[in-house]
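Submitted below is the structure of interest, expressed as C-alpha cells.
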Amino acid sequence: MARFDGRANDQMRTVSIQRNYLKYPEGSVLVSFGDTKVICTATVEEKVPHFLKGSGEGWVTAEYSLLPRSTQSRNPREAAKGKVTGRTQEIQRLIGRSLRGVCNMKALGERTILIDCDVIQADGGTRTASITGAFVALVDAVSRFHTLGQPFPVIDFLAAISVGVIDDHVLLDLCYEEDSRAGVDLNLVMTGSGQYIEVQGTGEKSSYSRQQLDGMLAAGETGINQLIEYQKEVLGETAWKIGRAD
Amino acid sequence: MARFDGRANDQMRTVSIQRNYLKYPEGSVLVSFGDTKVICTATVEEKVPHFLKGSGEGWVTAEYSLLPRSTQSRNPREAAKGKVTGRTQEIQRLIGRSLRGVCNMKALGERTILIDCDVIQADGGTRTASITGAFVALVDAVSRFHTLGQPFPVIDFLAAISVGVIDDHVLLDLCYEEDSRAGVDLNLVMTGSGQYIEVQGTGEKSSYSRQQLDGMLAAGETGINQLIEYQKEVLGETAWKIGRAD
Amino acid sequence: MARFDGRANDQMRTVSIQRNYLKYPEGSVLVSFGDTKVICTATVEEKVPHFLKGSGEGWVTAEYSLLPRSTQSRNPREAAKGKVTGRTQEIQRLIGRSLRGVCNMKALGERTILIDCDVIQADGGTRTASITGAFVALVDAVSRFHTLGQPFPVIDFLAAISVGVIDDHVLLDLCYEEDSRAGVDLNLVMTGSGQYIEVQGTGEKSSYSRQQLDGMLAAGETGINQLIEYQKEVLGETAWKIGRAD
Amino acid sequence: MARFDGRANDQMRTVSIQRNYLKYPEGSVLVSFGDTKVICTATVEEKVPHFLKGSGEGWVTAEYSLLPRSTQSRNPREAAKGKVTGRTQEIQRLIGRSLRGVCNMKALGERTILIDCDVIQADGGTRTASITGAFVALVDAVSRFHTLGQPFPVIDFLAAISVGVIDDHVLLDLCYEEDSRAGVDLNLVMTGSGQYIEVQGTGEKSSYSRQQLDGMLAAGETGINQLIEYQKEVLGETAWKIGRAD
Amino acid sequence: MARFDGRANDQMRTVSIQRNYLKYPEGSVLVSFGDTKVICTATVEEKVPHFLKGSGEGWVTAEYSLLPRSTQSRNPREAAKGKVTGRTQEIQRLIGRSLRGVCNMKALGERTILIDCDVIQADGGTRTASITGAFVALVDAVSRFHTLGQPFPVIDFLAAISVGVIDDHVLLDLCYEEDSRAGVDLNLVMTGSGQYIEVQGTGEKSSYSRQQLDGMLAAGETGINQLIEYQKEVLGETAWKIGRAD
Amino acid sequence: MARFDGRANDQMRTVSIQRNYLKYPEGSVLVSFGDTKVICTATVEEKVPHFLKGSGEGWVTAEYSLLPRSTQSRNPREAAKGKVTGRTQEIQRLIGRSLRGVCNMKALGERTILIDCDVIQADGGTRTASITGAFVALVDAVSRFHTLGQPFPVIDFLAAISVGVIDDHVLLDLCYEEDSRAGVDLNLVMTGSGQYIEVQGTGEKSSYSRQQLDGMLAAGETGINQLIEYQKEVLGETAWKIGRAD
C-alpha cells in the first residue's frame, strides 16, 4: 500500500529537535515529527505537591495544549471555554506519567519539573512528539541544578511513537490523514533499555487481533530506537549523564 | 505469593450482575466485582450529537462518577468543585469507546445510548466492572426498541478486566490494596470473539518487559472469557440476539 | 378520593432503613419510602469550618444529589454542567439545618459530620427520606467516637415527611405522581419530643387556608411519629443513647 | 422585653415604597423596611421559557443579589466568585414562586416578567421586603401592556413579613440584630384574601412548639394586613385593577 | 450642532455627589452625572494582597457592576453567567489604577481600600462618574483611620470625564445616546494639579487626527476642573486634608 | 541616559515579520520585536456574530494568550484556571478594535476574521507586536477570498508601538526591563495615513504632564512610520491592494 506521503510502512517522518528554543525556561525545545511541531518547555519549581512535602522526593507533571490554529479548522481555546477537554487531560496525564517513569524522584529532591507542551502545528502524533521532545527539555532543565558527583535524576532515555493499522497494514508514525482513517491506533512509550512505560492500543472503528498487536509492537520498537538514537545525538555530551549514578 | 484476600494469582473475585436494578432506566444493573459495586444504567435518547445528524447512525457515550463515600476517605463531589477530574474523563471516554466497539451504529439508527456508571463502593477495578456491567445494561436498553427481523445493534459480547504485576507475579483482577502496590497495571477490554478493543498497560512505578506484557495479556484473556460466560448466563435468552443480523 | 397507589389518605408508603449499607463510611444506610431510595452516608472529619476553629464546637453539613437516572427522564449530572442547581442547594441546606437541630455541638467536639444523600431512585419525598435516613447514619457515625459517660451528641430523634393537598384532600407522604398534581406541598421536620424543626408549606399552584395548614400539620405529625418508632426499632440498643447526658 | 430599637413586639418598622424609581424598567420601586433598602425592578420580555412555548401562558421569575457593602462587613460579589450561593438561590426561588402565586398565567399571555431585587442596604428581612416591593413593581409592569376589558394578570395582593422568637417572645419584622439572636425564624407570604402562599418556619438554634407556631402566624398576619393596606395606598387607582376580571 | 439634550458642546450634565449614602461602608456616595447614577462605596480591610505583605504599603482596588435594569434593555447578571465580561474588567482595572495614582501607599499602611461601583442607572459615562464619585468615598474612608499629624494618604484630587467627536464637533460628557453615535471616544482622568493619570482615546468607528485629539484634551480639562471644584465643595473641611503631609 | 540594551532613546528593537509561518491558517505570521515573539494567525469563518446576521457586514475579533513559559517565571495557563484574566481581555479587545478600525465591513461581507495572537516569548510590547503582526496575517487572509475588481476590505495600514517615560526621558519600544521601571506607559495604534486609532496613556506610578504626552506621541509616530514601511516591504505586491477600492 502506498502511504499518503510516499513513506514506506515502517518509515518515520523527518524528526527534528531544536534545543534552547526559548530564552527563559530552564529547558525548551521545538520538536517536529514531519509537519507536527510542538514547543516543549521544562520549568523547575522549588516546591512539591502537598502529598510529597517532607518526603525528600520530587515530582514531574505536564500540561498540553493546542494553539487554536494548529489544526485544519480552528479549535476553540480552552481558556475561553473555561474548561479543559477530556482529550487534553488524557494527553497531559500520559506525558507526566511517562516522564516520571524514567526519573529517580529521590535524586530530583523536593522539586517539581513542570512540562508544558504547546502544539504549534498538528499533523498527527502530537502526544508522541510531545513526550519525545519533552524528554530533552527535561534533561536540560535537570542539568541546571544537578551537582556533579550526585546521581543524575533522569535514569533512562524515553521516546514515544504511534503505530496504526489501515487495511491490515501496520503503519509507523501516522500523520493526521492516516490517523483519521486508521481502525486501530497504538501509542507506545519505551525506555532506552527497551522496556515499556505505556502501551495504549485502541480499536475505535474495529477490534484487533493478537497478531496485529504483535505487529504494531514490533514496528513501534523500531521507531523508538531511532528516536532515542537521535535524542543522543541532539543531547551530545549531556547524553552521558543519563542513568549515571555519580 | 499469597494474595491479600487469599485468591490464587489467576483467580477473579466473585462477580455478580443484577439486571433491572432500577425502575426508570431502559437498562440498569448493579454489578459487583468483590466489594466493588457499580450501578450502570442505559438511557435511550431519540437524538444524536450534532456531527451525526442526518447520517442515519447512532452513538453510545458514557459518564462515570464515584459517590463521595464509595472510597475509604471521602472524595469531594465533582459537582461541588464545578469540574470533572482528568481521571473521571479518562474513564468515561474509555467506557464509551469500548461499548461503541461492539455496536453497529447503522443498526442503532439515529439514537444515543447514554451510559451512566455510578460507583457505590470502590475496591479496585471500577472501570472494568463498569464496562462489564454497562454492556448488559446496553443490551437490555437496545432490546427495548429493537424490531424482530432487523440486525441487532450489539454485534459481539464485551468485558473488561484488570491485571497487574507485584513482585514479578502476574495477578488477575486487582483489589484496591493490590492496585496501589502494583508497579504495572494493565486494563484489557476484549470481545466475545477474542479480539482486543483496548489494551492499556501503564508502568507508573516501574517499566515492564515484553515477557511481562505477554503474561498479563494471557491472564487477562482468561478473566475476560469467564466474564463473558457469566454475561451470557445473566442475559439468558436475550444473549441470543447479540451479533444476530436478523 | 382513591390515591394513585391505593393508599388511605393518611397512610405512608412502606418505609425501610438498612443500616451499614456500605463498608467504608462511619455511618451508612439505604432508606426507602416506597420506590424512593436514597443512600445516606455520614463521614466524620476531625476538623471544623473556619468560623468554628477553637470554639470547641462541631458542625454537621449535608450534600444531596440525584443519580442521573434516578428520575423518569434522565437529568443531567451537575458535575458535567459545572454547577449545583438551586433545588439541590435548597435541599442540602435543609438537611444540614435539620440535623443540626438535634445535635449538641459542644458534645460533638471540634468535628464535622458530613452527610451525603445520593438518590438512587426518585418517586417523590426524596428530601424527607434523606433526612429520615441520614439521622440513622448520623447516630451510627457519632457512636463510633462517642465515649461512654460523656453526653451523647445527638439529643433527640428526628424525622421528616411530606404532606400535600389535592382536590381539598390532605394526603400523607406524596409519591411523584401526587407531588406533581398537588397545589400545596408541606414538608415537615419534627423531633422525637414533638417539636418543629422546620415547617415549609408552599402553594405554587394555589394558595391555602389556615384550616388546610392545620390539617396538613396534623397528618404530618402522625407520619413523623410512625417514622420515629421505626427508627427506634432499626437502631435497637443504640437508640438508648440518644438524648442521654451520660 | 424591650426590643433592640424600642419597637413593641408586634410593631413593624417604618415601611416605604417609592414607585418609578428608575427610568428604564417597566416597573421599579425602592422599598424600605426600616434600614433595609431594596431596588426591585420588573422587566417584561416577550418570550417564555422553553417548557411554556406555545402554551399561551406566561411566567414570572426573580433574581436577588446583595450589593457588596449592603452588609456590615463586605460580602464578596458572586460574579467575581463565579457562582451563586445557596442562600441567594433559595431567596430568588422564593420570590419567583410567591409572585407566581398571585398571577393568572393565561391572562399574562406568552410573556416573562423578570423581577430583579438588588439589596442596597441589609438590616434583616431583605427577602420579605423584596417580595413586598416586587409586587408593586410587577403590578406597574403588567399595567403597561394590559388592555382594558381583559382580565388583569395579577389576581390578588401579596406581601411578606418575618416573625421570630427570642426568649419566648414573638417579635414581628426582625431587624438584623434580632434576626441573628432569634432561635426560630418564620417567613410568611400571604395574599390580600388572607390565604397562605408560603410558610417557612425554621428552628436553627432551637426547635419550636405548636403554640409558638400559632403565635408567629397570628403576629405575621397582622403585619401582612398593614403591608397590603400600604400597597393599596401607594398604588392608588392602579390598585383597583388587581383581581379584576375585566 | 444642537445636542441631544440641549446642552452646549462644552457643557457637562448636572453633577451631584451625596456623601454617607449608606450606613455600613467606611465611605459611600451616590454620584449622578445627569441620569447616570452610581453607588460608590469604600471598604477598609486591614490586610494587603500577597505581593505587598510585609512591605508596609497599602493597596487600592475596585470592582464595578451594572444592575441588570440600569440599562434600557436588561443585561444579564454576571453572577448568573458565572463570569465577568471583558468590559467590566477593563473598567474596574481603570478605576483601581486611577485611584492608586493619587494615593501614597506608604501613608496608607498595610491596608486595602476596596472600592465598589454599582451602577443603578446607566446613561453614558458610568466609568467617569464612578471614578469621580469613588474618589470622594475613598477620602471619607481614609479619614476614618487617618491620624492627625501623619501624612494624609490621598495626595491629590482626582476626577474623570468623557469627551467625544460627532460630526467633527467635540462634545463634553457624552450621554448614552451621544456615546453610541460618537466615532471617537476619549476618557480622561486627571489630578487636581492638572496632570494626566489616564488618557484613553478610542476610534472604533473612525480614526482621528492630532487636531481632534488636542480639542478633546482641552474640552476634557475644562470638565475635570469643574468636577474637582465640586468635589471640594462636597467634601467641605475634609478637602483640606488632601495632599497634606502632616 | 543609556538604555538597558544600548539603544538610542528613539530607537526601536529589531523587528521581523515572517509570513506563512503555519500551514493551516488563512493568514499566519511570526512577528518579533527584539526578544518578543508572537504567532499571529487569521482564520476566515463564513459566519458573523448574532448582531450582524443579515446586515451584509463582516466582523474582526481577536484572542490573545501567553504561553506559560513565554515569561521569566511561569504564568499559569488560563485554561487550567478556567478563566481569562482582565489583562488578557483588555489586550484582546484592543487588538480586535484596532484591526476593525482599518476594515471596510461591507467589503468584508458576512464573514468573521478571527485573529489569534499567541505569545511565544514575552520581552515587553507583546500587545503592540501582536497588532503589528496580526495586521499582516489579516491582509493575507483577506487576500484569499478577495475578488479582483471589488473594494479590498482592508483600507489602510495599521501598526502599534509602546512609548514610556523613565527619569523624564521618553523611550521608544520598551523592553520588559524598561516597561517595569517606567512610571508612564503609552500604547499608540496608528494608521498609514497618520491618524490615531487608539491612544492609551497610563500613569500607574506617577502622573504625567501635557509636555510628556506630546513627547510620547511624537516618538511613537516615528516608530509607527518605520513599522508601516517594514510591513509594506514584507507584504510586497500584496501591499498594493490595501485601500484600493477596485
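A, B, C, D, E and F label the chains in the order they appear, each numbered from 1.
Following the convention adopted for this analysis, a contact is a pair of C-beta atoms (placed from the backbone, for glycine too) under 8 Å apart; a residue touches a chain by one contact, two chains touch by 3 or more.
It should be emphasised that the depicted structure is a prediction, and the values quoted were computed from it without experimental measurement.
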Neighbours of subunit F that also touch subunit B are A
Please report how many Å separate the Cα centroid of subunit C from that of subunit E, as a whole number.
52
Distance from the mean Cα position of subunit D to that of subunit C, given in whole angstrom
28
Among the residues of subunit C, which ones contact at least 2 other chains?
82-84
Listed round the ring from subunit A, going first to subunit B, the chains are A, B, C, D, E, F
Residues of subunit B defined as touching subunit A within the complex:
83-87, 89-90, 92-93, 97, 100-101, 156, 191, 193-204, 206-210, 213, 217
Considering only the defined contacts, which subunit F positions touch subunit A in the complex?
22-25, 28, 35, 39, 41, 43, 45, 63, 65, 67-72, 74, 77-84, 88, 114, 116, 118, 120-121
